[in-house]
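Two complexes are shown next, each including subunit A; its partner changes from subunit B in the first to subunit C in the second.
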Partner chain A sequence: MALDHKSQPAASHGHHSPRLYIIGYISSIVLTAIAFGLALSHTMHFGPLLVVLMILAGLQIIVQLFFFMHVTESDGPPYHSIALVLGLFFTFAVAIMSVWIMSFGSQVS
Partner chain B sequence: MAIAAHDANLHGAIAGKPIEYQDPHQAVKILGFWLFLATDMLLFGCLFATYLVLRTHTDGGPTASQLFDVPGFAAETIILLTSSFTGGLATLSMRNGNKKGVMAWIIVTILLGLAFVGLEVNEFITYASHGATMQRSAFLSSFFTLVGTHGSHVTLGIIWMFSILMQVKKRGITPETARKIFIVNLYWHFLDVVWVFIFTIVYLSGVVM
Partner chain C sequence: MLSGIGNFASHFFVTGDPMIYGADASILLVSLGILFVLTRYRKWGWLWQDWLTTVDHKKIGIMYLIAALLMFFRGGVDALLMRTQLAVPNNHFLTAEHYDQIFTTHGTIMILFMAMPLIFALFNIVVPLQIGARDVAFPYLNAVSFWLFFFGAMLFNLSFVIGGSPDAGWVSYPPLSELHFDPGPGENYYLLALQISGIGSIATGINFIATILKMRAPGMKLMQMPLFTWSALSASIVIIFAFPALTIALALLMLDRIVGTHFFTILHGGDPMMFVNLFWVWGHPEVYIVVLPSFGAISEVVATFSRKRIFGYTSMVASLLLISVISYFVWAHHFFTMGAGADVNTFFAIASMMVAIPTGVKVFNWLFTMYRGRIRLELPMYWALALIVGFLMGGATGVMLAIAPADYQYHNSYFLIAHFHQTLIGGVVFGLFAGMYYWWPKMFGFKLNHRLGVWAFWLFNIGFYVCFMPQYALGFMGMQRRMYTYPAGMGWTDLNFISTIGAYLMGLGFLFIVAQIVYSIKFGERDLTGDPWDARTLEWSLPSPAPHYNFAVLPQVTARDMWWELKQQGRTGDLRPTSEDLKPIHMPKNSGRPFIMGVSFFVAGFGFVFNWYPIAVIGLLAVVVTLITRSFEYGDEYHVPVEEIQHTEAALGRLS
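Moving on, here comes the complex of A and B:
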C-alpha cells in the first residue's frame, strides 16, 4: 500500500477498508447464481419464475447502489437520489405499461 | 501542540468528506453525472420496452431459446460483475490516496471490459453467421439494438477509463482526477446494473420461454 507523496496531502489520508466492496461482490455473485440456478433447473412455472428473477435483479440494483456507487454520499441535499428514484419510476413505468398495453393487441388478433 | 492542532484540523476538513467532494466544482459535476445516469436509464427503459413487446415476433426465424448459449452469456455476466468490483476497488484506492492501486485496478477493469466486448462481438458474429441478423425479424432487431446499445456503452466506458488512466499517471490523485475516477466508476456500475436486467429479461427468460 505505497502512498503517493506527490499527490495532494488530502489524497494520502485515512484508510478505507475494502470490506463493503467484498460484501457487495459476493452478494452480486450469489444473487446471479440463484437467478441462473432457478431459471436453468426448470423447476418453476414461467410466470412466478419471472417475478422471482425480477426481484433478484432489483436486489442487484440495491447492491450496486449501496456497496459500490456510494449513493448515500452527497455534497448537500441528496438531489441525486430524487433524480434516481424518478428515473427508475419512469423506466419501469415505460417498460411495464408498454407490455400491458401491447397485450391487448395480441388478444384482438 | 501546534502540530497536533494542525493535524486535527486537516483531519476535520478531510475525514468528513471524501476527496472527490471537497471542491464544490467537482461535487456539482458528480451530481450532474447522477442526473445523466437517470436519463440514460430512460433510454434503456425504452429499449427494454421495445424488446419485451417484440420478443415473440420471430417471423419464422430463430427464437430466443434456439439462439442463446448459456455458457456464453454466463461468462459475459461473471466478467462484467467482476469488472464492476475491480472498478469499485479503483475508487477505494483513490480514496486511500494509492495512485498505483488506482492504476492497477483501472487496468484490470479495462481488460475485463475488453474481454466482455470481445465475447459479445463474437456472439453477434456467430448469430449473424447462422442467419440471425438484425434484419431477420422484429425480435432480432430489438435484441441487437438493446444488447448492442449496452455493448457500445461498455466500449465507450473502456475508452473513457483509458483516458483517465493516462491522466492519473500524469497528474496523480488530485480533487479533479479523483472526481473523474469516481464518475467513470459510477458509469461502469450503472452498466453492470443494465446488464443484470439484460441477462434476466433477455437471456434467462429467453432460454426458459
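Moving on, here comes the complex of A and C:
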C-alpha cells in the first residue's frame, strides 16, 4: 500500500483538515478528565458512578474511531467493518466473562 | 564519599555469585571483541547503513532471527542451570533466590524474547515474498517494531548483572510481585521490558494484517494465499486483540509498584485475582499466537516435501481462523483452582477441549497430504514429522488438563510443566525450526548442512523426550513446579536425574545447530536456482537471496500454489522481466530514527526501573522528539531507477 497506492493520486484517504483531529483530541481529553474527576471526587454513589463511567468509555471509543481512525471512510473491501465487529465481539466477550469469572469474590467474602 | 559510591555499586551491580561475575566478564569481553572487530575492519558504516537503519523486511527478519537464536541460547542456559540444580536431591548448586530468578527469566525469555521474534522473523522474511509484495505495508513501522522488541529484550537481559533479575515467575502474579513482597528493581525490569516490546508486537500485528489484506499481488484472492500467510494473518488478528490486555495488566501493576495505587492489593480494595484474569486473557491467546505460524510453516513444508498440494486447504484455513477465535474463550483454564465455581469451570473446560477439534483437523490434513506423496526426507521434513508426534502428545495431555476436576490434581505440578513444554517445544520450536531450515536458503542463499542437521535433530528430539517424559510421572508423584530442591526420600531422584540428562542432550543438539550454521556459512551448498526444494509458492520464483525490491515485475496470480502451476505448465519464464516491462520501483528510504526511538525507550525504561525519574523523562522526551520529527518528514520514499533494476536482474541472469 505504502509503495504502490501512494504513487497514484490518493482519492479517498488523506487530506483531512487539522480541525477534525483537534476536535477529536480535545473531546477525548475532556471525556477522560470527566471520568477522572468523578472517580476522584466521590460525589456519586458506586452504582450510578459505574454506569456513568461505562457511558463515558463508550463515547471515548466512538471519538477514537470517528476522529482518528476514520471508520466512515474506506476504499476496497470493508475489512475494517469485519475487524470492528470482531473487535466488539471479543471486547464484550472478554469483559462479560471476566465479570462472570470474578464474581466469585462476592460469594467468598 | 568513596564508601557511598561503593555502597551504591554493590546494590547497582549484582554481586556475590561467582557465576554472575563470570557473566560480567564474558559480557565485557564479547562487547570489547565486537567493538574491536567493527573498528578494525571499518565496519561501522556497513553496520549502520545496511542493518541498523534498514527498513527492508528481509533484513529486519534476519535480525529477528539472530536475536531469537541468541535469546534461545540465554533461555537454554537458564534451563540447564535449573536442571543441574534439580539433578540430585538437596542440591546447593543454586540458592532458592537465584533459582527463582532463573525460572522467571527462562519463562519470560523463551515466550516473549525467543518464540515471538522467531515468528516475526518468519513473517518478515516470508509473507511479502509469498504474496508477491515488495515490502510490508508500513516498512518504517516495521523497523520501529523490531527496535522496540530488541531494546525491550536488552533491558530485560540487563537485569541479571545490574540491579537483579525479576523473581516472581514469568506470570508475575501479585501479591508476590507487589512492591511490599518484592522490593528492588527486578520486577520493574520485567514490567518495563514487556511493555516496550509489547508495543512493538502490536505494531507488527497491525502491519501484517494490512500487508496481507492490501498488498497481495494482482489476482491473488484470499483463498489463493499460501497457508503460511493465512497463519500469519490469523496470528496477527490474535495479537492485536490479545496484547492490549497484557498492556493493561502490566500498566496497572506498574502503577501499584511505582505510584502506590492499589489495583491488586487486597487490603485496599484491590483484587490480585484480577491480574491473574487479565494476564491470561492475553496469556492463552499468546500461546496460539506462537503456535499458529508454526502450523503454517509445517503446512508449507509438508506439501513441498510430499510433492502434493496440501490436503483440505479450505479446512486448513477454517481451522486456523477457528483456533484464533476459540483462543479467546479458554483463558480461565489457567486458574481452575481459583474457585470461580463449577459453572465457570465447566464453560472454560469445554471451550478448551474444543480447541482439539480444529487442531486435530490440521494433523489429519498433514497426514493425508503425506499419504501417497513422494516424501523426501530433508531437514525441514524431519522437524515437521517430529512436530506431529510431539504436538500430538502435548495436545492430548492438554485435553487431560482441560478436565477441570482432574486439574485440581495436576495444577502447577510437573505434569503441567511437561505438558506445556511438549506443546511449546514440540509444537512451536519444532515447527519454527522446520520453517527456519526451509526458508534458510531464501534468506542467505545457501542450504544448511544436512549431516550436522540430522545430528542436531536426533540429539534435540531424543533429549526432548528424555527430559519431559519423566516429568509427567514426577507430576503424578506430587512434585510441584518452582521447587528449588527436594528431599531424598520422595522417590523423585531417578526421574529427575534422567530428566536432567535429557536437558543436556537438548543443549548438545543446540550446539550442533550452531556448528551447522557456522560450517554452512563457509561450506553449505549454494542455492543458485532460487528454488532448491522444488517448492510451490511465489517466494521460490525469486533468486536467493531476493533483490531488495523483491519482484522486478509483480506476478499475476491465477491459482493457488502459483509457482508450482507455472512450473507444471512450463511457464516459469513469465515471471522473468523483459527490459520493456521494467518501470521504476517505488521504495521506502532507510531511516535511523527507529533505532534512536528504541534507544530512547530503553533509556526511559531504565529510568523507571530504578525510579530515577529525570532519566525516565529524558528518555520519554526523546521518544516524543522522534515522533514529532517523523510527523514532519517528507520525501521518505524514492524510486529505484530502471537501469539499476536492469543491472541487478542481468547480474542474476534473469533478464530475458
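Here is the rule we use: the second predicted complex is superposed on the first by the 85 of 109 C-alpha atoms of A that agree within 3 Å, B and C clash if a C-alpha of one lies under 4 Å from a C-alpha of the other, contacts with A are read in each partner's own complex, and residues count from 1 in each chain.
As a working rule, a contact is a pair of C-beta atoms (placed from the backbone, for glycine too) under 8 Å apart; a residue touches a chain by one contact, two chains touch by 3 or more.
Everything numeric here is computed off the predicted structure, so don't read it as measured data.
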By residue count, is subunit A touched more by subunit B or by subunit C? B
Could you say whether A:88 touches subunit B, subunit C, both of them, or neither, answering first, second, both or neither? first
For A:100, is the partner it touches subunit B (first), subunit C (second), both, or none of the two (neither)? second
Between subunit B and subunit C, whom does A:39 touch in the aligned arrangement: first, second, both, or neither? first
Based on the superposed arrangement, let me know which partner A:68 touches: subunit B (first), subunit C (second), both, or neither? first
In the superposed arrangement, does A:54 touch subunit B (first), subunit C (second), both or neither? first
Look at A:18 in the shared chain and tell me whether it touches subunit B only, subunit C only, both, or neither; answer first, second, both or neither. first
For subunit A, which residues belong to both interfaces, subunit B and subunit C? 1-4, 6-7, 76, 79, 83, 86-87, 90, 94, 98, 102
Mind listing the subunit A positions that touch subunit B in their complex? 1-4, 6-16, 18, 21, 24-25, 28-29, 32, 35-36, 39-40, 42, 46, 49-50, 53-54, 56-57, 60-61, 64, 67-70, 73-76, 79-80, 83-84, 86-88, 90-92, 94-95, 98-99, 102
Going by the contact rule set out above, which residues of subunit A touch subunit C in the complex? 1-7, 76-77, 79, 83, 86-87, 90, 93-94, 97-98, 100-102, 104-105, 107-108
Residues of subunit B touching subunit A in the complex: 10, 13-15, 17-19, 21-22, 24, 27-28, 30-31, 34-35, 37-39, 41-42, 44-46, 48-50, 52-53, 70, 74, 77-78, 81-82, 84-85, 87-89, 91-92, 94-101, 172-175, 178, 185-186, 189-190, 192-193, 196-197, 199-200, 204-205, 207-209
Mind pulling up the subunit C residues that touch subunit A in the complex? 133-135, 137-139, 209-211, 213-215, 237, 241, 245, 271, 273-274, 277-278, 281, 328-329, 332, 338-341, 344, 585-588, 637
